[in-house]
């Protein structure tokens, strides 16, 4: 029983646990907006992050879509990168050694065109030092074949999660698509299939047209909408999913500052990810960590967990 | 056979036909953003509009939701009006006599909590002078019971459309919800059930939280997102639906100016509706009519119909 | 009420003549707008486009603080509270600002020359009440008008000097007792009314924080004044009566089984309401 | 190449010293930024936050037009083309602007004192080439440098005087023959190269419209110059190499069955590329 240790009244517990991944604070980055960390390391010490979530990685290298791949929209942007990436080997041999220098869990975003591909990437990553979790991207809207189809039904989502679950003991985080009628049912299916946590939202499918050339602005025709424009939708979905499943959520969609992040946490996210915000302010993620701490102090709270889902 | 009349080389044909409604230009207003026209008549002559689409109307008066009902978001706004309206009798006896003063077709947005209610409103409006079309709102996201449920499945949508079709020969325009996985299949169901035209998109469901009070910013918790923020999504959906059905579409979602409107027309909309744009610029609709004409001149086109769906 | 001039409201491109900070965080802007200046009555507001881009998207409503009908100009008094006002205060002389107005219904100044008028201003609620004072003086003579102006402290009192310059009796109240009456402006009002045996020739006008106006309403109803009008500042999307976003529960005169209230739009049916009709929550 | 100084790039709050219109629709801004001024090389760019609100959302990339290492200042030369530049040109002296930089890889100035350098500027492509001229003069002497500057008409020629002030030989070409050589600046380059039997000691640097640079590349390859570098301006979302939005197809040195090209990021692997490696489309 002993004597309770005196605790610093001002120390705030920022730690969270995402399905077994211990994060020193609730802030990670959104896959595809942070590369594999190397470029961002010029701006700040990556060890400051709660976790580092890297770009979508497939078994073989993918070239991605043609240029133009991005277009700015009101308070947002469309991207149709098409998941360009150097493939699993490059991740393991070139990117991971760099990331292992930092004291932050690494979450690898996994994409595939078949169940087998997802399974194989998962199997290979299971034993890679420094990889703490897999974020299963069943929802990429910019790739013609493959992953989008999985993410739009509970069954398809469950299939991918099961395929991955069979191959790995790493934390599985399923990343949900917002382009669906009932995100909560898909969330439930992912959890039932063994997902330890969920992340949401991926981008909303959209397009833009140049009236003068009468052509689509993206070579791929459609792209995924991200940024502040989608925040209200993302927040609603986090709230809906938080009320229907019991696993921790990583919330994202338009987070630019600490108060945006707090909204997601109040809605039910245990952690948050900064995506497009990194482009506008490469220091956004670290400023948000500090800002959440300030917020908790002002609200007289001693931990992040105290406010998770506390909206009323 | 006779001699072709000389035509003014600069005269541009702005007329369009929406399922039998002859519009002198392709611009109407989005239901709920224009009241019943009375307040807007201070700003411009309503006869200038291609059509006047009025606020959602139900059989009995509805009180709507509690205050606060609106909140601004990045490049958009959430509303949870809850379809406050004075009911069908007031529409027929007070609003229609006012609207009949103007030389513009009137489209009544119809809401209901049951198939019977939709059917009854349709039956009653069938014989009301000055009413040219019914926009069937199967997609209002801010009313707990009733219409949202219909609009999220092809079957539900078809049921409502059939119930209305049975009661009226007026032009039926089904208004589609964007909060669905596959909007094209719902569009198809509406058309198969007898809808003469489609309008899209209604608002996207979202929410906002005040981090300092830790409460939702809307009394209704969630609301519908509108404005420029959603334009990329709306445009994508118009494009998708235009490719899968053969009826004319009224496109809307974030249209603020003529070039926005042109994007929708190029994507496949035969007409467009200005919604939240009216709040920012009460003259938006008429400026857009002029702007479309200017655009067509610059592009050396002689009619709106020449550019419908012409994106490549 | 209603006291709306018809057919004046429109969109105008107004030129900013100049603006400056009148006290910390409070700005006074003067704009050209002959139609607005000519058509407006005290209590009306304008809806100002603060950004040329789509964020912030919506216009911001501000009460008419003063109008100069001859010069065709009007002024706004605004507090820097957020993004919209932050953009507004960056405009410089000569800039063109899009303004929709005049909007809403103004104060009803009454029709009895015997009436006395008390204007109760709380914090930034002073904005429309300056124009109101002007109108009351013009119509009934300044000697009929008393202004009670309240604020947290001496520094937070707005427009006190301007009210005095009208030549109306002006009394100040500060919450922290740093100046004038020590206490809430509502307590000062209470003291005024308590002095009278009969308040039936009194007309009260108020604008300020919600809680303050509610208290003004309570005091007025207790003393059975002739009229007590408050100007509400509900959140607005359109400002022109089409969205029904800015609603307020207002007592309904007399109906059978319907609820005893109805929703009125603050922008189009107000912003000025008879306090006794408001259902405060 | 690459010619990137390490570890310099960061976010800086830069103070606008002043900006003015240098020719219709073209603005020159001068900002403080000691770290940027000290660390940057010619051909690098900065990513400027034009709005404090979320629309327009993304930063706008601009080449470094000039740097003053001692004073710790840098300049941008930009054309008003859209919403972002419209906001930028409204900033006034003393305003703080958030700038990320210096970004990308600069021009490779070569390592042979015998080389001659021709700088080909088209329209607003002159922006980075002014800084380049400075650097070339500093490293190899101005007498080794020739500038060919092109524009639609005399009025559209940018920086001609500034180039001359460097003391480098400057020739102008105008499409409408209103000044200098009558024709495209690429034809002027062609004429220059045609005069030489051996171009192998020539280093060409170019920035301008896409079609112009492509033509420069063609001419250079025809004449087998030592190096022909172009600075691309692909659309960027992040500007810092993380989104892979700004990609360009670049020839791959020698690989088996892979495609003969790979995507390179203009922001991080460029914006300056050896023209012969670019797959023009």
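Observations
By letter and in written order, the chains are A, B, C and D; residue numbering begins at 1 in each of them.
The definition used in the following text is that a contact is a pair of C-beta atoms (placed from the backbone, for glycine too) under 8 Å apart; a residue touches a chain by one contact, two chains touch by 3 or more.
Small disclaimer: the values here were computed from a predicted structure and weren't measured.
Grouping the chains by touch while subunit D is set aside gives one piece. Summarising the inter-chain layout, the chain whose CA centre lies farthest from the centre of subunit A is C.
With centres taken as mean Cα positions, subunit C sits 36 Å from subunit B.
Centroids of subunit A and subunit C (each the mean of its C-alpha atoms) stand 48 Å apart. Those residues of subunit D in touch with two or more other chains are numbered 54-56. Subunit A has residues 74-76, 227-229 in contact with two or more other chains. A complete topology is adopted by the chain contact network, contact being made between every pair of chains.
Per the touch definition, subunit C reaches subunit D in the complex via residues 51-56, 83, 86-87. Of all residues in subunit B, only 74-75, 228 touch subunit D in the complex they form.
Residues 32-35, 39-40, 42-43, 63-64, 67-72, 74-77, 79, 81, 84, 227-229, 256, 276, 278-283 of subunit B touch subunit C in their complex. Considering their complex, residues 54-55 of subunit C touch subunit A.
Within the complex formed with subunit B, the subunit C residues making contact are 7, 9-11, 49, 54-59, 98, 100, 234-248, 259, 263, 268.
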